[in-house]
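These notes open a run of structures that come right after.
The same subunit A turns up in both complexes below, where it pairs with subunit B and then with subunit C.
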Partner chain A sequence: MEVVAIHQISPDQVILFTWGFVTVNATLVYTWLIMAFLVAGSYLVTGQLSTDRQVSRWQNVLEVIVSGIRSEIGDMVKEGADSYLVFIGTVFLFILASNLFTFIPGYVAPTSSLTTTAALAIMVFFAVPLYGITKQGILGYLKEYFQPNFIFFPFHVMGEFSRTLALAVRLFGNLMSHEKVVAILLAVTPLLFPVVMQVLGLLIGLIQAYIFAILAMVYIASATQSHEETGHETNRNHK
Partner chain B sequence: MDSISIVAMASIITAGICMAIGSLGPGLGQGRAVQGALSSIAQQPDERNSLTRTLFVGLAMIESIAIYCFVISMILIFANPFWTYVIKKAGG
Partner chain C sequence: MHIDWFVFFAQIVNLLILMFLLKKFLFGRIVAAIDAREAKIAARFAEADRAREEADRAAAVCDAKLKDLEARYEEMIDKARRDAEEYRERLLEKAREEVEFLKKRWIDAFRSERETFLMELRLLAGQQIYAVTRKVLKDLADVDLEERIAQILTERLMALDEEERRRFLSEEADEEEGRLVVVSTAHEIPEDVRRKVAEAIRRCLPEEVEVEYRQSEDVLGGWELRSDGHKIAWSMKDYIDAIEERFNAALHQEILER
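== the complex of A and B ==
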C-alpha cells in the first residue's frame, strides 16, 4: 500500500480533501493521529497515578521515559532540568512517536515533510531566547550576541538562522531519504531486504529524535548559561 | 538538442555529481570524528557517556552537509522548478 507515490517528495502532496480554503493533506492527518495517540495515552495513564509500592505497569513505562529524559537533560545543565523537561520532552516524544510508527503499513511519518520539521525547528528558534531571557534577563541574553566583541554580532545572528534551517532540513532529509530508499528497494528486491531496511529505519528514527532533542537542548543551554560560568565549572572539575 | 533534453540531462547529471562530491567530505569527516571518539573512549572509559553524546551531536552536524546535498539532488530529480517550466513552455 503506497500512500506517497515514488515521484512525490513529501506527504504534503497527498491531498485527502479540500473544504473551502482549508486543504487537509496526509501530513496533517498523521500529525493529528500522533497527537491523539500521545494525549490519549498519557491521559489514560496519568488518570490513575499512585505513590503506593504497587504501581501500574503503564505508570512504570511513563516513569522510565520521563526520568530518562530528565537525567539526560540533567547531564547537560547544572540545575533546573525540570523547566526544560516540558519543552524538550514533548518535542522528543512527538518526533519519536512519529518516526517509530513507520513500521505500520500505510503510515507516513509526518516528520518526512519539510513543513512539520520546519514548525518544530521554529519552535526551538523561539524557545532559545525565551529560556535565555527568563534565566539571564534581557541584557544578559543580548550580551551573548556581542561576545567576544561587537564584530561578531552578525555572525551570531546568522548562526541562529542557519542552525534552525539545519535542524529542519536534517530531520526532513533523513526521514525522507529513508522512505525513498525503501520505496526504491521495494521495486528492485521485493523480498526480505526491505524488511532489513525498515529495521534500520527504526534505528535512524530513534537516533534522529535523540539528536533533535539533544541539539535543541544544546542551543537552549548555550543561551541560558554564560560562558564564564561553564569555564569555571570545567576548571573546578580539572582540579 | 532541444531545451527539454538539455534540462533533463543537466538535472540528472548534476544530481549524481552533487551526491558524489557532497558525500565525500562528510564521509571523511565522520570517519575522523569516530576515530577520535573511539580512541578517547579507549583512553577514558569513564567519560563514555559524555563522549558518546558529544560524538552524536558532532556527527549530526557533519551529516547535515551531506543531507543538504541529498535534498538538493532530490529536488533536482523529483521537484525540479526548471523542468516544470520547460514542460509548461513546450505544452503551450
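== the complex of A and C ==
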C-alpha cells in the first residue's frame, strides 16, 4: 500500500478531507495516531504505578526512558532538569514514535513532513526565549544577544532563525529522504536490501529524535545559563 | 516544499495537547513514582544507617561491657586465687600449729608418762633389788642386809676423823635442843638393828645425840644418817640410777626410731 507516491515529497500532500481552510491530511492523521498511542500507552501503564521493589515490566520500560531523558537533561543543566522534562521529553518521544513506526507498511512518519518539523522547530524557537526569560529575567536574557558586544546582536538573531530552520530541515530531510530511498530501493531490488535499509531507518529515526531533543535542550540550556558556563558544551554538541 | 499553515498550527496545537497529556499521564506520574521510590530507598538507607549506628553503638556498649566483665572476671579470679592461697596458708599454718600443739602435748604426755614410769621403776626396782639382795645374802651367806648396812654405816662413822665428826654434828646447831641424828630407811628396821645402830652412833659421836628413825622412800633401799646439813649414807641409788639411765636411753632410742 502506497500512501505517499514516489513523486509526492511529503504526507502533507495526501489530503483526506478539506472543508474551507480546514485540511485533514495524512500528516495530521498519523500524528493523532502517534498521540493516541503515546497517551493511551502512558495512561495504561501509569494507571497502576508501584513505588515498591516489585515493578511491572512496562513501568520499568517507561521509567528507563524517563530516567534516561532526565539524566541527559541533567548532564546539560546544573539544576531544574525536571522543568525541561515535559517539553524535551514530549518532543523526543513524539519524534521517536513517529520515526520508529516506519516499519509498519502504509505508515508514513509525520516527521517526514516539513510542516511537522517546522512546527517542532518553531516550538523550540519559542521555548528558548521562554525558558531563558523565566530563568534569567527579560534583561538577563536580552543581554545575551549583546555578548561579547552589541555588534554581535544581528548575528545572534540570525543564529536563532538559522538554527530553527536547520532543526526543521534536518529532521524533515533525513526522514523524507530515507523514505524515498527505501521506496526507490524497493523498486530496484525488491528482496532483502530494503529490509536492511528499514533497519537502518530505525537507527536513523532514533538518532534523529535524539539529535533533535539534544539540540533543543542545548539551545534552551544556552539561553537559561550564561554563555561562559555552557559555551563549550554548546560547541561540542552542535552538529 | 510546501507548508500547509492550517496543518502547521494544528501540529503545534497537537504537540501542546500531547505535551499536556504526557505531562499528566506519563512524566508526572513516572517522575512521582521514581521520586517516591528514591525517597523510600533513601529512607531505607537512612534507617539502615541509623540501625547500623545503633548496632555499632550497641556493639560498642557490649564490647565495653564484655571488656569490663573480662576485667572483673580476671580480677575476681585473681582475688579468688589470692584468697584461696591465703586460706590455704592459713589452714596450713593452723594445721602446723595444731600438729605442733599435738606433738608438744604428746611429747609432754610422753615425758610425763616417762617420768612417772621411771619414778615407779626406780621405786619398784629399789624395792625389788633390796628384797632380792636381802634374800640372796640371807640364803647364800646367811648375812642380814640391814645389819650389814648398819655395820657399814658404823664403819664409816668410825672412819671419820675428829674434824669431820665435829662438822657432821653442826656447830651452829642449838645446844639446848641437843643433837639429833635422823636415820632414814626405805624399810622397817628391826628393833635389834635399831639398837645396834644407836649404840654405834653414840659410840662414834662423843656428845649425847638423839637418834630418830624415819621411813622414807627417797633413800631407795638404803640408809641415810642425817644431821644438820650433813649426811652419811649408803644406798642403792647409784645402782638404780644406772638402771634408770639405761631405761631412759632405751626409750629415747625407741622414740627416735619412730
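Criterion: the second predicted complex is superposed on the first by the 224 of 239 C-alpha atoms of A that agree within 3 Å, B and C clash if a C-alpha of one lies under 4 Å from a C-alpha of the other, contacts with A are read in each partner's own complex, and residues count from 1 in each chain.
By definition in this document, a contact is a pair of C-beta atoms (placed from the backbone, for glycine too) under 8 Å apart; a residue touches a chain by one contact, two chains touch by 3 or more.
It should be emphasised that the depicted structure is a prediction, and the values quoted were computed from it without experimental measurement.
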Once chain A of both complexes is superposed, is A:V157 in touch with subunit B (first), subunit C (second), both, or neither? neither
Just checking: does A:L16 make contact with subunit B only, subunit C only, both, or neither of them? Give me first, second, both or neither. neither
Would you check which partner chain A:L200 touches, where first means subunit B only, second means subunit C only, and both and neither mean what they say? neither
Pick one for A:V86: touches subunit B only (first), subunit C only (second), both, or neither. second
Which holds for A:L130: it touches subunit B only (first), subunit C only (second), both, or neither? neither
Figure out whether A:D75 sits in contact with subunit B (first) or subunit C (second), or with both, or with neither. first
Touching A:G173 in the superposition: subunit B (first), subunit C (second), both, neither? first
Chosen between subunit B and subunit C, the partner touching more subunit A residues is C
Dual-contact residues of subunit A, meaning touching subunit B and subunit C, are 9
The residues of subunit C that touch subunit A in their complex are 1-4, 6-12, 14-15, 17-19, 21-23, 25-27, 29-34, 36-37, 40
Would you tell me which residues of subunit A are touching subunit B in their complex? 7-9, 75-76, 166, 169-170, 172-174, 176-177, 180, 207, 210-211, 214-215, 218
Taking the complex as given, what residues does subunit B use to touch subunit A? 49-50, 53, 56-57, 60-61, 63-64, 67-68, 70-71, 74-75, 78-79
Can you check the complex and tell me which residues of subunit A touch subunit C? 9-10, 12-13, 21-23, 25, 27-28, 31-32, 35, 38-39, 42-43, 46, 49-52, 59, 62-63, 66-67, 70, 82, 85-87, 89-91, 93-94, 110, 113-116, 118-120, 122-123
